[in-house]
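Letters A, B, C, D and E mark the chains as written, and numbering starts fresh at 1 in each.
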Amino acid sequence: KGDTVKVKLGVSGTDHRIWNFVADKAKKEGIEVEIVTFSDYVQPNLALAEGELDANSFQTVSYFNAFIKEHKLDLVPIATTQIAPMGLYSEKYKDVKEIPKGGKIALDNEATNMGRGLALLQEAGLIKLEEGFNGIGSLDKVVENPKNLEFVTMTAGHTPRVMPDVAASIVNNGIAVDAGLTPREDAIFLESETATPYINIIAVREEEKDNKTLKRLGELYQQDDTKEFIEKEYKGNSIPTFVPLSNIGW
Amino acid sequence: MLVNSDQIIKALVETLQMVAFSLLFSALIGIPLGIALVVTRKGHLLENPPFFNTLNGIINVLRSVPFIILLVAIIPITRFLVGTSIGTAAAVVPLVFYAGPYIARLVENSLLEVDHGVIEAAQAMGATPWQIVFRFILPEALSSLILAFTIATIGLIGASAMAGAIGGGGLGDLAITYGYQRFDTKTMLITVGILVVMVQGLQSAGNIAAKKIRRR
Amino acid sequence: MLVNSDQIIKALVETLQMVAFSLLFSALIGIPLGIALVVTRKGHLLENPPFFNTLNGIINVLRSVPFIILLVAIIPITRFLVGTSIGTAAAVVPLVFYAGPYIARLVENSLLEVDHGVIEAAQAMGATPWQIVFRFILPEALSSLILAFTIATIGLIGASAMAGAIGGGGLGDLAITYGYQRFDTKTMLITVGILVVMVQGLQSAGNIAAKKIRRR
Amino acid sequence: MIEFQQVRKVYGGGGTQEVAALDGIDLKIDTGEIFGVIGFSGAGKSSLVRCVNLLERPTSGKVIVDGHDLTALSAKDVREIKRNIGMVFQHFNLLNSKTVFANVAMPLILAKTPRDQIKNRVYELLEFVGLADKADSYPDQLSGGQKQRIGIARALATQPSILLCDEATSALDPQTTSSILQLLKKINKKYNITILIITHEMSVIREICDRVAVIEAGKIIEEGSVFDVFSSPKTETARNFVSSVMNDRLPDSVKELIERNDGLNKVYRINFVGDSAGKPLLSQLAKKFDLDVNVLFGNITELQGTPFGNLIVEFQGSEKEILRALNYIHQQNVSIKEVTAHAS
Amino acid sequence: MIEFQQVRKVYGGGGTQEVAALDGIDLKIDTGEIFGVIGFSGAGKSSLVRCVNLLERPTSGKVIVDGHDLTALSAKDVREIKRNIGMVFQHFNLLNSKTVFANVAMPLILAKTPRDQIKNRVYELLEFVGLADKADSYPDQLSGGQKQRIGIARALATQPSILLCDEATSALDPQTTSSILQLLKKINKKYNITILIITHEMSVIREICDRVAVIEAGKIIEEGSVFDVFSSPKTETARNFVSSVMNDRLPDSVKELIERNDGLNKVYRINFVGDSAGKPLLSQLAKKFDLDVNVLFGNITELQGTPFGNLIVEFQGSEKEILRALNYIHQQNVSIKEVTAHAS
């Protein structure tokens, strides 16, 4: 048996189920994965760029792209992981069309999630965004708002909690599941499964993109038993999405 | 810069509203609680250990809960009180739950420092506990109370940033969502700058008022 | 429940570490600053308006910045001091930046309440400013200081929950990430319960110590 | 009327040393009386007076004020009674945050007196204690004696029917003291208020008290009319206090004189009480007997309207003549006693 | 040596009313002297003494202590001088958070005295002020006079060469006062320390001071040896203070007597100073002249070793005889003055 290799992996939130599963597999191959939990979406990237992490796995490629461009970070994705479809939920209405004029829509205030939410609303036909929308959300990207909807932004965790106070909430997949919602059944509108910008990735520093250990970690994630694990654990609310990097523009 | 001056002004107004209203209500709650913490403790005016322990405990519980959890835990109350759990008005409720017990503790500490001789003079005059508190203890502690409220208000401004998390808006929220999450340094600097000016003004006013009143 | 007892114990230890270390360092910073705020103000021992105004201003700036922004703004300092910007140790730095100035204000308020006659007695004995502070002002304010530190420590426990944002861990973070973000009520209740017990113990200890020392 | 029945007050206990500040006090102070309490520092005087308005709750025993046993009354009733009791504190206990005016006005405000009446009354009181010009000052801008006078004005504000004075003039010069005592006497006469005066200054007792009690180590060791206690103190402590104002301790020069006694002169202490002071005793001695009378030292004063005093005199003459003279003096019902080197 | 040169101290200003508490004080207190300052409440006594250790910085003028102009010295040098000055505060200013022991030990701790020496010294001092049993008590467990005694013990702890006493015995009974004054006198003699005593009690001045100044409204209106000021006060204020201890104000009974003067008797005040008190004046009058001499009232005491006093006497006899007697008295160099109904 050779020496074990240590890998520091940053994740956000608390859901380590998949990574625990992967880490167990890795351990058998002499890779010890230390999972560092963050409760926000900024630090894991910065920490990775500074070399305090070896990899992170918490973000969509869209967020990733925007983030590294903004911060001029030399990070690259090495594997895709899954996609968690965002949905529009409502306690009051069964259909998007029922949302009344002037209704309030709760939105995650984080930039890419907001962009994703706005894109979802556009897809649902509620609003129209500016030409060439780059996925980075802010309210001035909305060019048409026929129902005169009012957007209320807040932290992601809050969006399901305020459903009694709004016409509809845009809720991240993970949060919706935790809040006891079943995206496939409860959402009045759900993101299409092929929303490539929202495929999640594992990211590493550019100079380590060929690191064998890290690559192996990606491979372990993309194995079939992981896929089965995800499908079983998440009952279809998180969809394993293992596609080549070129599919997501890398 | 991702925000325009209108947004900043709107945020400023929201912050002022949140802080003003939550300060008002938390003072209305915190001052009586602080007074109660003082006068019901052992050996004081209205000694009442069961009451003191209960109150002390409740305040401790409220002070233990992380703000964001408090915020969620009291959503039903917020909804009951303001009809909604989002927006600037709704943010006031958790802020009051946060600052009320906090102010109670600060008030308690200030009032405990009042010279016992003054309270004796009041008792000798046959003053009611009510009169002792309002005519003697509070005026004597006023200078310290003003500084305590300055501290509490600045704490509230900080907390109001977190209240932005539930759609309360405000400068702090602007600083976080734009400055922090979208790396819009300019917005962050401007908003934080405004906050600094507010805090500086507040603290100076507090210092001056306290100095004027402190007869030493 | 999404967490096991090991995680809770780990979080408890992290909270204790964060709070203990940040309390230690913020006291080390806050007490001298609080003393400086008192003795350099106009008409006091070492009157020095430029120094006072500068210090007052710096403290105001630190107190103005929302905690999450402070956390990011000082990352270079954190990295310089602890070698990393994430984890429990790293969380201590922003907590100190948060609590240090806060403690300075509380200390200031307590010290200002010390009877001027005692300071005169010290001056008449030819005590140095240093001796006046340590032999006279601090002992006389001790009871109030203890309550102030109780308030500050409980505030730190609250703030440590936010330190989860930089991977600091701790009970508050567990409560937020599981209880808040993952809707795991049981975990939330347990963690908050532990926090309540901690705060209750702390406050009682503070009350008892302050009462013992307060000679009234 | 104020009555103490077997009042004990014990401080401390529970870890700290127990101090019995009052140890079985029985005392009755009549309505309209000016009653003085003297005693050494730490004797229990303040503890005693503080029991009257329950600032200290007696450890055991009863304090009865105007027929009510205070310790048995409800808090509300006690307050009602306290409204009628003014108190001057040994340490003033003024509100530092309020002006002199507001301090004096406070009891009136508590009693819900109309605003304009308050103003008149406060200025009247300040005028009296000589501090009308300090109405807008704060206590920290006052001298010690000025603070004490504010305390006195405050205690008098509501015209209470009982006044408790704990060393109310200790920080005042003799003239101010005297004018304050005169005022107390006046209001005592006019409104028949009961005044309990704690003091260590016998001159205060002499000037206005009707009766006096001597307290020592928490016990009343002597009690009586001021005249009785001054003219014939029964305890050593009372004697000491009396001599502090009666100036009857022999000065060194007299002691020396006695010590180098050459047999030809003798020194006597003559006590005058009441009428006997009115008689030209000394000159008659000089006329009737062949001796010279020399007044060495002494004091004749007035106590409650009666002349009272003692003189240390030296008789110069033959032993026989002196004896005859002594005989004569005894017949006049005047008390005389030889002073020897070893007695004071 | 302490010297005041044209010292003015003005409080307030800038909005509030200005009060000139000291208004051009010139005063020189020699080394080893016990100097007393008396004056009415609010006269400026505390302000004066507080200038000596710069607790109040003079608005103008100089305070020179042991040759150093305090206002011109650096803070460090001032501290050095203060180490040599003990002060007893009018309001005690004890540390409430420290035991009696620690309060008294404080100046020694500041001076970095070795621990065992501190212990001995503190117990010695506590023993002296009679509070050794209270060493572990806290100030709030003490009576007023006990607090004051702790303040005195503290001031003496480091054996300072200058002692400032601001009403140091105002809360003490006469015996305790007297024993404290005796101690002060003793250490004054033994260590030649300079003592500045602020008081409103003339008995304190009489008992230990060498010289005395009378301050009124911020000005020194009279100054001199205690004997001079007592025997011939020049100002009305000094006279008032002196009479407070000399007991020379006429009581009502004597006033009445004078008022219903029937022409046959006249009332005189005779002042004895020094030797004249030693002569059997009264008995000689009685022998030599056909009149009766009745001592109505008065006081003979001793001031700095010299007998001193005054008597109010009534001469009963014919106008002629009285005139002759007066003549005789004048020849004896004794001052005598008729007392009329309108003079005191």
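By our rule, a residue touches a chain if its C-beta (ideal position, glycine included) is under 8 Å from a C-beta of that chain, and two chains touch if they have at least 3 such contacts.
The chain lineup, named per UniProt: B, C = ABC transporter permease; D, E = Methionine ABC transporter ATP-binding protein.
Computed from a prediction, not measured in an experiment: that's the story for all the values here.
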Chain D and chain A - chains in contact with each: B
Chain E and chain A - chains in contact with each: C
Reference chain D; chain at largest CA-centroid distance: A
Most remote chain, CA-based centroid, reference being chain E: A
Chain B and chain E: spacing of chain centres that average the CA atoms, whole Å: 55
Length of the line joining the C-alpha centres of chain A and chain C, rounded to whole Å: 36
Geometric centre distance via CA averages, chain D-chain B, whole Å: 54
Multi-chain contact residues (two or more partners), chain A: 42
Touching two or more other chains - residue numbers and ranges from chain B: 72, 116, 143, 180, 216
Shared-contact residues (touching 2 or more other chains) in chain D: 91, 140
Chain pairs in mutual contact under the definition given at the outset: A-B, A-C, B-C, B-D, C-E, D-E
Partner chain C, residues of chain E touching it in the complex: 53-55, 78-85, 87, 89, 91-98, 106-107, 109-110, 138-140
Contact set on chain E toward chain D in their complex: 11-12, 16-17, 19, 38-42, 45-46, 90-91, 136-137, 141-146, 148-149, 167, 170-176, 200-203, 240-241, 244, 247, 251-254, 277-287, 291-302, 305-307, 309, 311, 314, 316
Of all residues in chain B, those that touch chain C in their complex: 41-42, 56-57, 60-61, 63-69, 72, 102, 105-106, 108-110, 112-113, 116, 143-144, 147-148, 150-151, 154-155, 157-158, 161-162, 172, 175-176, 179-180, 188, 192, 195-196, 198-200, 203-204, 207, 210-211, 214, 216
Contacting residues of chain C [partner chain E, same complex]: 115, 117-118, 120-121, 123-128, 131, 135-136, 139-140, 142-143, 213, 215-216
In the complex with chain A, residue positions of chain C that touch it: 2, 72, 75, 79, 84-87, 164-167, 169, 173, 176-178, 180-184
